[in-house]
């Protein structure tokens, strides 16, 4: 594969960039609902968000399959992901290890994604979800591992449907998927272990 | 024939780190569940902390300050060796002071000083499967975890009580994480078990030879298995530390002569040094 | 007065210095060259390459020298080096039927196409110490030109001959047990083994497995612990070409030639009233000249096929999880030897409990006496 002129670059410093991004994502999943600052990759092709691109580049490679939801399933994004990660792109969301989507458009059904098995609940999908911001919209109350008591969280991009599905996702624990919300300058984790009350 | 080479930051190649990082994220999302991972062959023997080293290598960044302890001490030979490994391959700052560390790799102890939310504790694990001594087959234990069939473990602990009057497990004492998975806390003394409960720091566990990673997110419920008529209890000493006078720490027994002479000192060297005002090791 | 044990760093440095000194031995004796090891301790080199999973005679010789002849330590050095190597891809399968044969024997036929070729073997040596080797050793023997010539290029495998007659099961065995059904060959160095394992992963595990462990297990099958009535259908050793398809070329090119030993066991037949009976197979393959290893491997491979062939699993060699979990000598030596690391915190915990229990019993006795 050759790098053509119109292909945007990945991390400025691949080793450091991947490590910093991972630590932000780890922190986010360890403390659900808390926005963790993350410098994204600004040059990622639209409509990939910078933090979404960083999360993808830090976690994907040829060993992980990825599904790109409709607004992202365009040539520029496919080439970007293929070149920088080598991850095989699949056409069925239910087959993917990683699903990359935008919260405000054509989001795949959370409950249709790979949820693992009773013996191997880790063989489940991670949803990387681009989001326009936090702190707007109706708050939900989160509790569970990573949360000392309870924590309020809101995002105007996330619909009632999403929260209904997310609650169902939690009730099938230890099966389920894990969500990384990728905002403009931070990421928020919603692992399957988090209990959600409206 | 020159084959000298330079290794990647923190020794592991980026692909390996990504694989381990993905396993860590799943481990955090499913507290207490053992995630299989493609453990690599490290330049130190299995049993010397290859799992912990791989987890630390995948987590560590330039801004981190690393502390490594074995038996609670910074200056035990294997702790020294692992600390040197990361100084050499990652060039990170190291410390012996618990409060100054952002990442602490440990074998067999949890520091006495309370850990904070901005710290990560990485445990070296020899046998990650808490049910292994009851049932050696992975195929069986995996099903037991899947079905949440933990009766066998309670039977074993109760047999101890009827035979010895006590639960005869004093280290690697099994815990239930977030009211779901039974987990092996690694061979820490049961004295340390209560520290795991709702700890502010993230706890990561790496078992290299057995190829498993698991985790306890911050503030997670960690319950040491027990019975109503035999509640969980920790070790106690009649003595205080002979160096710093602490009465709340785990004590090592030192044989001082061959006539039954012995003394007790803190196993956590940093804790002891701080209290006795001596300089860090 | 007790002094806290400090200076672990200095102790380690000193230990390393002492180790280097011991390795070198008496400086009046010339230092051994890695080329000498590679040329004269070839079977040690072969074992280190096989169980180290890395075909490089020079590196294996270096590892043996550095490990002071401890082959498990040498294998460890090779494994730890191998794990850092970038991977360009997988070679094409090697074709052992086109091996340039240096040794080939069959215990099942007196003669066969290509003939029996004894080659370099200890088999018929009398195990008498050769004191000539204490000094310079005897002069290189003259090898007649008829012997030094490579053996007949056409050297069909014995089991293929049986297969043509329908007497032998296909190479893949009874079913798609060969792979995960996706056509990809597994790699246990990249994915953790899960049980039940497929035959490809089992064979990889055995190929890397400890020779002594496999030898004992193979031996146990002969003594009735999972007996499968084996015949050494064929043992062959020689050179095969390794081919690789670079993505940018799209066709195979030869990248190397390596020495392999292959053993195919002919084992007890299987069949039913619908399927005519056929012999079954056990397979062994290793780098270099490793007959003991490949023969043991073939016996254990066959024993591990118990489920597939509808046999009851009773013996250790048939127990997949037991065999695969304990075959690796680097894992085994690490965990056994780690017992010498400090365990005094756990030991202290046991002491405390033991004293408490003894005190309680003593107190109970006193109370009973009162």
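Letters A, B and C mark the chains in the order given here, with residues in each chain numbered from 1 onward.
The definition used in the following text is that contacts are C-beta pairs under 8 Å (C-beta built on N, C-alpha and C of every residue); 3 or more make two chains touch, one makes a residue touch a chain.
Remember, it's a predicted structure, so these values are computed and weren't measured experimentally.
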item	value
Chain closest to the assembly centre - both centres taken as Cα means	B
Dominant interface by contact count, named by its two chains	B-C
Subunit A and subunit C: spacing of chain centres that average the CA atoms, whole Å	43
CA centroid of subunit A to CA centroid of subunit B, Å	30
Computed distance of Cα centres, subunit C from subunit B, in Å	33
Contacts with two or more other chains, residues of subunit B listed in rising order	36
For subunit C, residues that touch 2 or more chains besides their own	190
Residues of subunit A whose C-beta touches two or more other chains	63
Partner subunit B, residues of subunit C touching it in the complex	2, 4-9, 11-12, 58-59, 76, 79-80, 82-84, 86, 189-192, 194-196, 321, 325, 330-331, 333-338, 341-346, 348-353, 356-357, 360
Contact set on subunit A toward subunit B in their complex	14-16, 18-20, 22-23, 25-26, 29-31, 58-61, 63-64, 117-122, 124, 126, 144-148, 173-174, 176, 178, 191-193
Complex contacts: residues of subunit B adjacent to subunit C	1, 3, 5, 7, 11, 13, 36-43, 45-48, 50, 70-73, 75-81, 84, 107-109, 126, 137-139, 164-166, 168, 170-172, 187-191, 209, 211, 235-237, 242-243, 250-254, 256, 263, 265, 267, 269, 281
Subunit B - residues contacting subunit A, complex	8-9, 14-15, 17-19, 21-31, 33, 35-36, 58-62, 117, 142-143, 145-147, 178, 180-181, 198, 200, 202, 216-221
